[in-house]
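Per-chain residue numbering starts at 1, and chain names A, B, C and D are given in the order in which the chains are listed.
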């Protein structure tokens, strides 16, 4: 096929980044339009990136015959509905995570996609990080033998606003969801059960909003391996995103990249940069790579490597973690 | 006081190392005698290190008026009894961990020590590792603020013989006991409850001997922080001993030292040394430092920084972990 | 001013990269046209990047009233002439290094620029590398006190074709010229004299073409500091670009960035990535940053931080190195 | 043979360290006596280490029939004379570097040694550093192919007293002499000529004492490779001892070891330890290893790997460097 015509729905921070990447760094693409409930945001982005259509209502994009695919970056509560409508309109879909906080709605969205046969890729960007991808590939080709232990460290530089925490579904659904997906991705295995602990150590206001800010989840994989994920809402030194997979023949470790390679030897100590600040900086390459994969899947009629099922499982893991935290025991994933 | 006269009881690998350190690298010490149930071992070590007395029966050392202190490195099942007898004989005591596998026996040994007022130091050598000690000191002086997360990685290069595993008390009592002590040491806080998972992934023979070889324990500290410890009986790349303490103001990480600083840039990749092989290499400085502290405590009539209580708690944590593994839930420490 | 209209002259590897960066990653720019003596190359790039004008003769771009600035990436022997013509046509100029291999021609080009008052930026891309720039800034603000020693390591992953070596001016003018500029940039000081050694160790064919492939140059700075630069035409492990500045209060070191942060602990050793392959990968950010600076200078009527004088000095240093190699002694820079 | 009986001549910082190492950490040795022109120093060391003989005059040790070997750590100007007398007395000799500052005296000492057939090992301790030794071994077995470039960084944490500088022979003979030996050792090749530059940048008092404190020497090896050595009398961050050997098939780099493996992630940056303070700390293992080799050579009647010839060449290189600094050109080594 020729160029893929794209509409971007929701042009906040992530949506406008995808629009820019698609416009300037992905070949074989036309960004035909953007939509945002804040119409001015849509107009601003369209203006900056020279995109012909800027609308308030995403349905205008869905009705546009020229548009082949949509990138959904609107608020979480609208994802499932837009997926269903986009599928019915025959548009291929890239949707930011999570598909929904309600598993039933996810099922409906997946069913709609299945029915019409469009592509659905879910925005688990970290899978496309060059370091994590290399780690996964090394595991897949047996470099470390049979995996025994997986460790995922994932700490944000600062908490989101309390207003966001109130509607986000909590730390397991808005933050650790990425790590649940990473855990499955790294071993290409399902987690059968998990156990969560955690509490509010960073900011009491988070506790008052009904959430925790520090959590550890222990995972049991179907193949017998064990995993741990730790999350904190606040690492003063920046975005801390590390993984480790230990197996019978060795260990793969991924550390944090840094902005520069500068080292200072001073009279007091040896100093290097702190990690990159947050996801926009840390996953710059990953965000671009996931978009390239999506466009390639559309062009070559291939199934995206990360789709509706992955989007559903990660949410189910989030709910299992919430339940485990309450119950104080292991909880099986899914139904 | 003048020179401290020492008797070493049990001169296997660890005992003979302590004897050698005391003889050659600790000032203010005379090693007067060694004892070992394998009399030839005692004679061999005495010969090599020019130590006057070599006996089969440790009681000969306890009865020797010139001996001020004993270093107990015999098999675990003899520790408590020898501690009691040594205390009654008025000898200061350094005892390898664990004091016993039976908490009641530990209590009796501690009581005997208390009654006679001798010093008792327990061989948690890792507390004396320069890197771990620095990490603990940084935490103590508030460098990372309030601790939120502790992570201890502790993997052996190869499993002990199956015959040892059968009598050792299992992974939580013969291996993770060091990490339980480290967990308490790093924050200078007690752990209130813990949760253990694990299984036999390294060698089925370990499972047949009634033990597991891969384990993760989640800890809850009295101050609210959370911790994880992971253990594997076999890391093909060597002794893997790392820690991390994350807090409100930063994070302290200790990696593995390596035998040399050599890096090779080859046409294929960048190569550096693997970690040191095992505890004898890794904790060389720590073994010496703990002995220096013991001698100093004897000379200056000070209480050792790691004593009977620490020896007891770590065993209780081991039993809690065993119970947790069976129950599948959190278990409180101690009584 | 509004958008800056750009013409790119010469669209080989570097020229097409600049065209792509300008088109997609630099705001406030229109790439109006490209020119290349290989007309097909011009057409191909124009086609790919949707650039309206594609010409064989760069003069068509110079005559185009809408074009504000040109980016000169044609072969070295054409640079000076095109600079002069572009200046006369009132176009601002970004020119790849070197301006010319003949200092008189450089002077003429600089004179033409000065006469018409257009901007001239020379393509010393490494100045815009985030790590090197940070190192320079640290030196400038006194972090390491008074500089005493500078060390620049600069090794290519493989030699250029022999055909190129024959016309390039040799290792000091085609390769070390970058390091001469870096040496001046890091301390913001001139080098007063230098001493070169070197020989042909990589490939005898390079020697037969009249060049050397391995060289060390010792520099004396006007402020009293000393420097060394080492060059090799072939580092099998990739592009090796490191610097070190040592001073009275410390030392700043810049190492090689790597493609990923993956580390493998294997039974044999510890493995990490080798450095990035070559300049396109290594200086990706730097190439973009220099273009942004150029556009900004045009828009805001500022003088580029690296101009004709820098282009001239680095060539003079190259000739001094050639002379030193022959003479076996220190040679003063310039006239 | 049985135990090697040793006399240590000169028990300042280095001599007493050797005495301690020999007494406690080298098997097969008796330290029978020490001598020092400061008799009290001899007595103090003898007392501390329980050494039977403590004398003012080293000749008493040479006349002692029981003594098999001497370790000469007296002031440099006495080395050659004591070597000759010790050789005549049939004692094997370990002598600290340099043998003498006068090549003729070195020749006489070497001749005396040759005549009597005793062993002579010169104290180039760095050859016994585990990292440098591994680097050399990797070069020897061809890991990096044919060597092209050698780089030695050698910076002291602080200058010696001016009084020492006045008699030491200057930076090339008291400091860079170690690096000259390292340069030869790493490639197992002679340097044919060298070129020195340098000046007084650290402390004017050093210049007034007739010396420089900052120097770079360029080396040409007999095999065609090139090398550089840089020296500074003062690196505020500690003892900086690094090497790099670059060849046709790769590069070996040795960095500075650090006291601990602790890393701190703070809100501002990432902090690790500075290098070890000075030679006593940095070369602790090397000092012990060289002594073990010496004893082994005596016991097994083997020639030490680093002897009189090495001691002489390094001094000749020092004089060549001094001459080069004056002449401003390359100077050939030796006669």
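Going forward, a residue touches a chain if its C-beta (ideal position, glycine included) is under 8 Å from a C-beta of that chain, and two chains touch if they have at least 3 such contacts.
Keep in mind the model is a prediction, meaning the values are calculated, not measured.
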Name, by label, each chain that touches both members of the pair chain A and chain B.
C, D
Label of the chain whose CA centroid is most distant from the centroid of chain D:
A
Separation of mean Cα positions, chain D and chain B [Å, integer]
39
Distance from the CA centroid of chain C to that of chain D, rounded to the nearest Å?
43
Express in whole angstrom the distance between the two chain centres, defined as the mean CA positions of chain B and chain C.
58
Pull out every residue in chain D that's touching 2 or more other chains.
235-237, 240, 249-251, 265-267
Seen from chain A, its contact residues with chain C in the complex are 23-25, 130-131, 134-135, 138, 143-144, 249-257, 259-267
Counting only contacts in the complex, chain A reaches chain B at residues 146, 148-149, 151, 155, 195, 197-199, 201-202, 214, 216, 218, 220, 224-226, 228, 230, 232, 234-237, 240, 246, 248-251, 328-330
Interface with chain B, chain C side, in the complex: residues 235-237, 240, 258, 265-275
